[in-house]
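The structures come next, written out as structure tokens.
Below, chain A partners chain B and then partners chain C, in two separate complexes.
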Partner chain A sequence: DRRRINGPPGGTSAPIFASALSSDQTIEKLRPTRTRQADELRKIFLKTGLTPSASGSAYLELQVPNSPSQSLIPQRSTLKLSCTVHGPRPLPRSAQFSSNLVLTTTVKFAPFATRQRRGYVRDSTERDLAVHLETALKGILIGERWPKSGVDVVVTVLEGEEDGWWGDELSGGASGAGKGGGWGLMNVLAGCITVSCAAIVEAGIDCVDMVTGGVAAAVLDDTTAQKARRKGTAGDDDGNSGSVLAVLDPSPPEHREVIAACVVGYLSQRDEITELWMKGNAGADAEALVDRAVQAAVATRAVLVQAVIESGQAR
Partner chain B sequence: MTSASPMPLSFSREIFATVSPAPYLLANLTNVEGEEYPRRTNSRQTDEFRLPIINVNSLQHCFGSAVVRTGDTAVVCGVRGEILHSSDIANPPNVPATSLHPQSGTAGSDTASPAQDIYEIPALNLLVPNIELATGSSPAYLPGNPPTALAQTLSQRMLSLLHSTRLVDVNDLRILYQPPATPEDEETPDVSPAVEIKAYWTLYIDILFMSLDGNPFDAAWGALLAALKNTKLPRAWWDPDLEMIVCSDAISDARGLNLHGVPVSVSFAVFDTKRHKGMGEKDMAWVLADPDTFEEGLCEETVTIVVDGLSSNGMQLRRIEKSGGTIVGKDIMRSIVGRAAKRWEEWHSVIGQAGG
Partner chain C sequence: MTSALLLPGDSLKSDEHSPGSGTHKYGAHLCASICGPVHRSHGSAKRKAASTSSKALAHSSISISRPRNAPLLPEVNNAVLARITRLTPRSAACSILAIYPSSNNSTSTSNAATLPPPPSHVEPIPVPQQSQFSGQIRAQDVRATEKDKVVMSEAFRVGDVVRAVVISLGDQRDFYLSTAGNDYGVILAWSMDDTGTIGGGSLMAPLSWQTMKDPDTGKTEKRKVAKPL
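After this line comes the complex of A and B, so read on.
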């Protein structure tokens, strides 16, 4: 990349910690567990108006209880997103005539957002998230009021949700999705939907309703397996003996195995879903999983409404 | 034809600023009724700076991080360390073994480092700062385009300032290894096996702009300073059995960086009425400290001063950059440098308080 300052030409490698190389039992104690109820969401901090030069802007952060750790290995998995909205602006003269508002979404992970350092060039996961976000937002914008205009929604991910516990991922690939699930991206998308809606409302663009993102997952209920492991009586189990538990707002490192997950963009006043993305094998319970995700979106809406009211009062 | 007196135009300040920005700024600066000093459009005085607000260590995947807000300009800086193995270096620099002290935690930062040390960091690219403006921080910088000339020059200026101030001590970045005595060494029992550099820490300093309202260089440099000051590198060693570099994850083993002084960057812009139309007959010029976007668009000449008050000789001047015009001569430069020294005190106290 000629336009940026590059590191050493020989390449560098991420630091490897001695405790990660030690035996499984010692690091197993560090595995996080879910302390919330199955239908309890993490606390969301949402604020608008951080970029005055943009038409609208918002910042979302998932607040995790601050447990001071003695280790340099990052233990918490949180989400920090910043969104700016520019528009509606006239399209460039060379663009084709469009009678509706042209929405352009961009999602970019900062280089320090994930456990493995990311580059500045957009890769395929970021483009994929941007397409999902565009689908979610297209459903709320009233496009025909803005012909020949475009609006740009830019989301920067300052810290992204992880796909799994780092102890399980020692042989993870470039995206850190050791088991290939990519579950953290669903939480990132849900956050992107909520924060983009807050920024769009602050920009004053006409919408039919407010869209919020909610995630639900079907995970393996391994509380009995954990107890057996501590006692030392557990054998080699693939989890078939555990039952399936449905949780809202899953944090993937807290669960040993995620079977299926679903993220929706939901309009609660009109009871419509603008975006639906499901991963994994939900089997016969797919509809129930979607319903749980809608519940999570409804719970998030309260936070969004509060943030929008505050932004209106601040003007 | 009746000679009607022309209707007085009346429009709001925002329209005046958008339609004719230069006369608007001139009207603000020359309107001194009731005030001792002229006020700019953002109601600051010409030599008044915006107070920075700094929060550190909020990002967990970085060894050090800082968020700096000066007015409406907001910057996030994250410092990540990665390992560069000596075996991956094509032309390793020739570092005499006598200059390598085994890692005892503190390398004397006041002792004059040997001449070879100052070339190690630039030669090996151990510090990699990058500035990203295209995060939607301002309507002019939207993603989808390669870095603009401004972003590239900002990154390059930060890199050259890092190298010229020798802010980071190369001893902090070296990972040393002393091989155990082998049987052949028993012939020379007084000489212990030579300490060698097995690897280096490479610091990737990524700076993202959340919001841009003028003077990006000062905010970015301040964020870099605050982040480096709060960076803690883990203790690393070469494990001969595993044949790789292993780090300790205990926070108690981690050590901070020994930075050379606190160089602070202070920028000014010069508003010159000669360059704009409709300014009246008199030629006037003002030096505006810490310009915002509106003022930067009207000023061609800029001055950036880097001062450091922590060196052994008192307040030292580390760099002067001036370009774009001829208004600033020696006398004005002296007063600007004096003003920059006062600004150093502000930054120094804010960075010190943020560290905690």
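After this line comes the complex of A and C, so read on.
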């Protein structure tokens, strides 16, 4: 990319002192654990109106975990999203006549959003996320109110979620399976749905209901091994019971292995699902996984309602 | 004190109200479509001694108030203010600058041949720069009489601001507007200056339905002029 002044290729990271990475056991101590309950979500910060020049805008951020660590390496990333909505505005003159509102969604990861630096050009992952987001939002917009108009929803991911713990790549760790499964993308999509809805309602576009995103996952239950690690006893790696645990709002670095995960876009007042995306092998529990994701979406709605009411009162 | 805000999807208690702006029907009841306070309007209804209560309440409507800078779309039978951008012998292209909000009492039984009167004592709401829709006034919609003998350059000039009515959503590019009516036509026009630049002179005042006069030079120019409100 010769048009821009690029940073060093391959990404940059804080200096790691050689003594800190002496052995696998040392790295293992840095592995993050899930301290929340299985049905507890991370705290969400959602605020609208941050981009005054757009018709509607919103910003979403998840709570940073405050687990102390002895290393300078950043433990894990927390989702940070910014969304702007432009419209309804006239379609370009070359566009076909449309008696309904034309929705265009764009999702873009900032180059600094992930541990591996991304490019400036939109790639297939971002296009895929945009299609999922459009599916979720199409279900709430009342298109007949706005003929010959288009609305643009642009979500910028300032910090994305990871698919797993960075240490597993370094030390060739326990869970080879499920790597690169794209689990972090599901959290990103759920956040995109919620933040886009807040921006759309702020823009004053007619909707039948508000849609929120919720994620649920089926993970390998290694709580006994985690407890042993926290107590400091030298437990062996195979402290797992081997059973499957269902969690809401999974943070993939916290789990050794994610078996299946599901994102839904859910309308609470109408009890409808507008978007459903499942990955992995849920087996016979697929429906139960969807129900759990709906639970997560319902919990997120409380935050969305508060943010929208605040923006309505500020106007 | 702000009244309670409703969110999209919240159901409204609408006993005999008709749905207004910002609401939609879901099943048997009305729901809100946008975030805002509820507004119940009671239209004036003639009360006869023998009329039932349902007739009197049929004119009231329930709607959600939109904020001042809410997105706006020109609807059919809305009066608008537009600026002429291009003239051809058969049509005038214009850019819609402001929309008069449509009153809730507008009856749907208006005669198709005559345009609805412009709303009096109502401020038009300006449209933001990036959302300016484009409109077209065809030659047969410039005036109500002698439609086939219209000369476009004697009705409008580029740069004039006209009051017109939206008659149709039109095609992919333009809304169709009409100035056929005494209250519609040119509101603001600038005279041709000495170098021959159209609209380079000063603001003109209306003289008759087809003439405007420059107060400085005294010269008159032909326009299809709207009756001053």
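Criterion: the second predicted complex is superposed on the first by the 260 of 315 C-alpha atoms of A that agree within 3 Å, B and C clash if a C-alpha of one lies under 4 Å from a C-alpha of the other, contacts with A are read in each partner's own complex, and residues count from 1 in each chain.
Basically, contacts are C-beta pairs under 8 Å (C-beta built on N, C-alpha and C of every residue); 3 or more make two chains touch, one makes a residue touch a chain.
Because the structure is predicted, anything quoted here is derived from the model rather than measured.
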Chain B versus chain C as contact partner of A:P90, first or second or both or neither: second
Touching partner for A:R3 - first (chain B), second (chain C), both, neither: first
Partner chain(s) touched by A:L158 [first = chain B, second = chain C, both, neither]: first
Chain A: partner with more touched residues, chain B or chain C: B
Chain B versus chain C as contact partner of A:T105, first or second or both or neither: neither
Which of chain B and chain C A:P52 touches, first, second, both or neither: first
Which of chain B and chain C A:S311 touches, first, second, both or neither: second
Chain B versus chain C as contact partner of A:T212, first or second or both or neither: neither
Residues of chain A at both interfaces, chain B in one complex, chain C in the other: 86, 89
Chain A - residues contacting chain B, complex: 3-21, 50-54, 57, 69-76, 78, 80, 82-86, 89, 104, 106, 108, 110-115, 117, 120, 122, 152, 154, 156, 158-159
Of all residues in chain B, those that touch chain A in their complex: 59-63, 65, 72, 74, 76, 78, 80-85, 88-90, 124-126, 128-130, 132, 135-139, 142-144, 146-147, 152, 155-156, 159, 202, 204, 206, 208, 210-213, 232, 234, 236, 242, 244-252, 254, 293
Residues on chain A engaged by chain C in the complex (per definition of touch): 55, 86-91, 93, 95-99, 140, 142, 145-149, 201-210, 267-270, 305, 308-309, 311-313, 315
Residues of chain C touching chain A in the complex: 2, 5, 7-11, 22, 24, 26, 31, 33-36, 66-67, 70-71, 73, 130-134, 169-173, 175
